[in-house]
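When the chains are written out, they are named A, B and C in that same order, and each has its own residue count from 1.
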Amino acid sequence: MNAEFPLWEVFIRSHGGLNHKHVGSLHAVDAQMALENARDVYTRRQEGVSIWVVPSEAITASDPEDADSFFEPAKDKIYRHPTFYEVPENVKHM
Amino acid sequence: MQQYLLHLADNALILGHRLSEWCGHGPALEIDMAMTNISLDLIGQARNIYEYAAKLEGQGKTEDDLAYLRDATDFRNVLLVEQPNSDFAHTIARHFLYDTYNFYFQQKLCESSDKQLAAIAEKSLKEVAYHLRWNSEWVIRLGDGTPESKERIQTAINDLWSFRGELLTPAAYEKDAVAAGYGVDLLGIKKDVEHRIFEVLDQATLLRPEDGWMQSGGKIGRHSEHLGFILAEMQFLQRAYPNSTW
Amino acid sequence: MSTQADLEQRFQARIDAEQKIEPKDWMPDAYRKTLIRQIGQHAHSEIVGMLPEGNWITRAPSLRRKVALLAKVQDEAGHGLYLYAAAETLGVSRDQMYEELHSGKAKYSSIFNYPTLSWADIGAVGWLVDGAAIMNQVPLCKCSFGPYARAMVRVCKEESFHQRQGFEIMMTLAHGTTAQHKMAQDALNRWWWPSMMMFGPNDDASPHSAQSMKWKIKRYTNDDLRQKFVDVMFEQVQVLGLTIPDPALRWNAETGHCDFGEIDWTEFHEILRGNGPCNKERLDARNKAWDDGAWVRQAATAFAEKRKTTPKA
C-alpha cells in the first residue's frame, strides 16, 4: 500500500496585520495533521501567529510560458503610478 | 515542599528524557519533530521547577545537581513515565495517559497559593494543552486506523493501564501540599481526567480495560527496574567526571 | 517553435543574469537531474546526520546541554524536510528519495559515517562539521534554483546556533579539567581530517564541478572553500588552546592564508565504498526507523480515508 502522505503548502502570518507568506511544504494525511505539522516544523522560532495549509494539488500556478502576455502589458501603463502626474509644489496633502 | 517540587520535576524530566530517545528514529520526519517539541517542553518544565526547588533549598545547588546527582531512591516520579518507549503505540499510550492527568493538574496548579508555582503552571498549561491534543489524536488515528494499529494501541493501553492509578493517588507530601494551599487535590481532578480518557478511547473505537490492581511506589522512591538504567545513562558523565563544568 | 539549442541558450542567459529558476520554468534535463541528486544528497545528509549526535542526547551532561542538543538535532530533521520539499518541486517524491537512501543507491555526506565516541565529539561536530557545512551552505543561498536557494536561507538562519553550541562545548572542555581537555583534544584529533574531506576532492579531481559552476548550482570551488575553512579554524583553535593534528599547518604571511598538509584520500574512498566505521549502522538505523514506522504511516492514511468517506457528524 502506498502510504505516502499527500503534500501540503504552508503559509504563515508572522505578525498581526501582515499577509500570510509561503514558507515551504510538508506531508500530512489530512488538514488537521497538516496544521499541527506546520506548527511543529515552521513556527519553532516564534515565526508566526497564524497558519494556512493548502493541499499542493489545490494550487493553480500561472504558466511561465504565459509570462509575456500575463505580465508584460502592465509594464507600460505608467499612468497607474502616482509619479506619472505632475502636481505643483505648493499643493499640499497629495 | 521540596518533595512535592521534586515529584513534579522528576515526572517531567523522566518523561521528557524517554521521549527524547525517539529523536532521529520516528516514523516520519514531521512526527519526529513533533515528539521532540514535546520532549523539549517537558524538560523545560522540569528545569523551571528544579531551579525553583534548588533556590528554596538554599544550599547553593543547581538544577543539574538535582537532576544528575540523586540516585533512583531519591527520585519522586510516577512509574508510568519511566516505562520504555517500546513501539510507537506504547509511547503514544504512555503520553496520552500522562497528558490527560497533566492537563487538568496544571489547570488546578495555576491556582496554587505559591505564586512561583502558579506562574510555572500557567506556562506549562499552554504546552500541555498541545501535548494532550497531539497525543489524543494519535490514539484515535491508531485506534481507528488499520487492524494492526488498533491491535497495537489496544495492547499498549492495556499494558499501561495499571500505571495510571498512581497519578491520581496522593502521597503524604501531596496531601500536605493541598493542606498548605500550594498543591493540587487529585481527587478534585479525577472525574475530568477519567472522563477525558474514556471519551478519547471511545472515539478511537478502543476498549476500556478493566480496572484492576494499580501499580505504585514511584512517588516515594520505589521505582521499576527501568529508572536505574535511565539514570545510569543520563548521569554517567557527571558521575564519571565529578566536580567538572559542562 | 524553439529549438533545444534556443531553449538552452535562453536558460543559460537567465542563469548568467543571476535570475532564479523556478520549478515550472523550462530547464535542461541534466540541470534537473543534477539538482535532484544534489538536493537529495543534501537532505539525506541532514537526516543521517541526526544519528551521530542523537547518540548523546540521553547522555548530555547538563540540562542546558541536553535541550540545546535536542533542539539542534531537531533542526537537522527540519533541514532534511525543507530540502526534500525543495527536491519534490522537481518531480521526485520524498518516498522515492527515501527508497534510494535506504537501498544504498543514494549518497550522503561521508562525515556522518564516523562514530561519536565521547561528549567532546558533540563539541567537535558542532564546531568543525557544522562549521564546514555553513561554508558550503551560505553560497548556496544564492544558487540558481529558487526553492533550493530559499531552503538554504532558512537552513543558514537556523544553523548559526549549531556552530556556536559546538564551539561553546569545546571551550568549556578545553578550559576545564585535565580529563576534559584531553577529551576535547582527542575529539579534535579524530574529527579534523574527516571535516577537511567534507569539501570534496581537490578541484583537479572534480569532474562535475565545472558544469555545476556554470549553472550556478555551485558557487565556489572545493579548494576555495576548504582554504577558507582552514584559515578560520586556525584562528579559532588558538582561542580554544588546542592543537590541530596537522604538523604542516602554518600561517603563510606571503599568501595571507594557511598552508596545510596533504589529505590522505584513501580513507575517504573506503568510506564511499561503504567501509567506514559506521556506514552499516547509519543505514541500518534509518531502515529500521522507516520499516518500524510503516504501520504507523499506514494507520494514519487509513484513518484519513475513513474520515473522508464518512465525515464526522
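The criterion applied here is as follows: a residue touches a chain if its C-beta (ideal position, glycine included) is under 8 Å from a C-beta of that chain, and two chains touch if they have at least 3 such contacts.
This one's a predicted model, so the numbers in the text were calculated from it and none came from an experiment.
Viewed as a contact network, the protein chains are fully connected, with every chain touching every other. A count of C-beta contacts for the chain pairs B-C and A-B puts B-C on top. One inter-chain figure worth recording: chain A and chain C are separated by 29 Å, centre to centre, where each centre is the mean of the chain's CA atoms.
Chain B and chain C have centres, each the mean of its CA atoms, that are 35 Å apart. Taking each chain's centre as the mean of its C-alpha atoms, chain A lies 40 Å from chain B. Shared interface positions of chain C, defined as residues touching 2 or more other chains, are 74, 78, 81, 294, 297-298, 300, 303. With touch defined as above, residues shared between interfaces to two or more other chains in chain A number as follows: 5, 26-27, 33, 41, 44. Those residues of chain B in touch with two or more other chains are numbered 28-30, 33, 37. Those residues of chain B that touch chain A in the shared complex are 28-30, 33-34, 37, 133-134, 137. Chain C meets chain B in the complex at residues 47, 50-51, 54, 57-59, 61-63, 65-67, 70-71, 73-74, 77-78, 80-81, 84, 119, 172, 176-177, 179-180, 285, 288-289, 292-300, 302-303, 306.
Here chain A touches chain C in the complex through residues 1-5, 7, 23-27, 29-30, 33, 41, 44-45, 61, 63-64, going by the rule given at the top. Per the touch definition, chain A reaches chain B in the complex via residues 5, 26-28, 32-33, 36-37, 40-41, 44. Only residues 13, 17, 20-21, 23-33, 36-37, 39-40, 43-44, 46-47, 50, 63-64, 67-68, 87-88, 140-142, 144-146, 148-149, 152, 233-234, 236-238, 241, 243-246 of chain B touch chain C when the two sit together in their complex.
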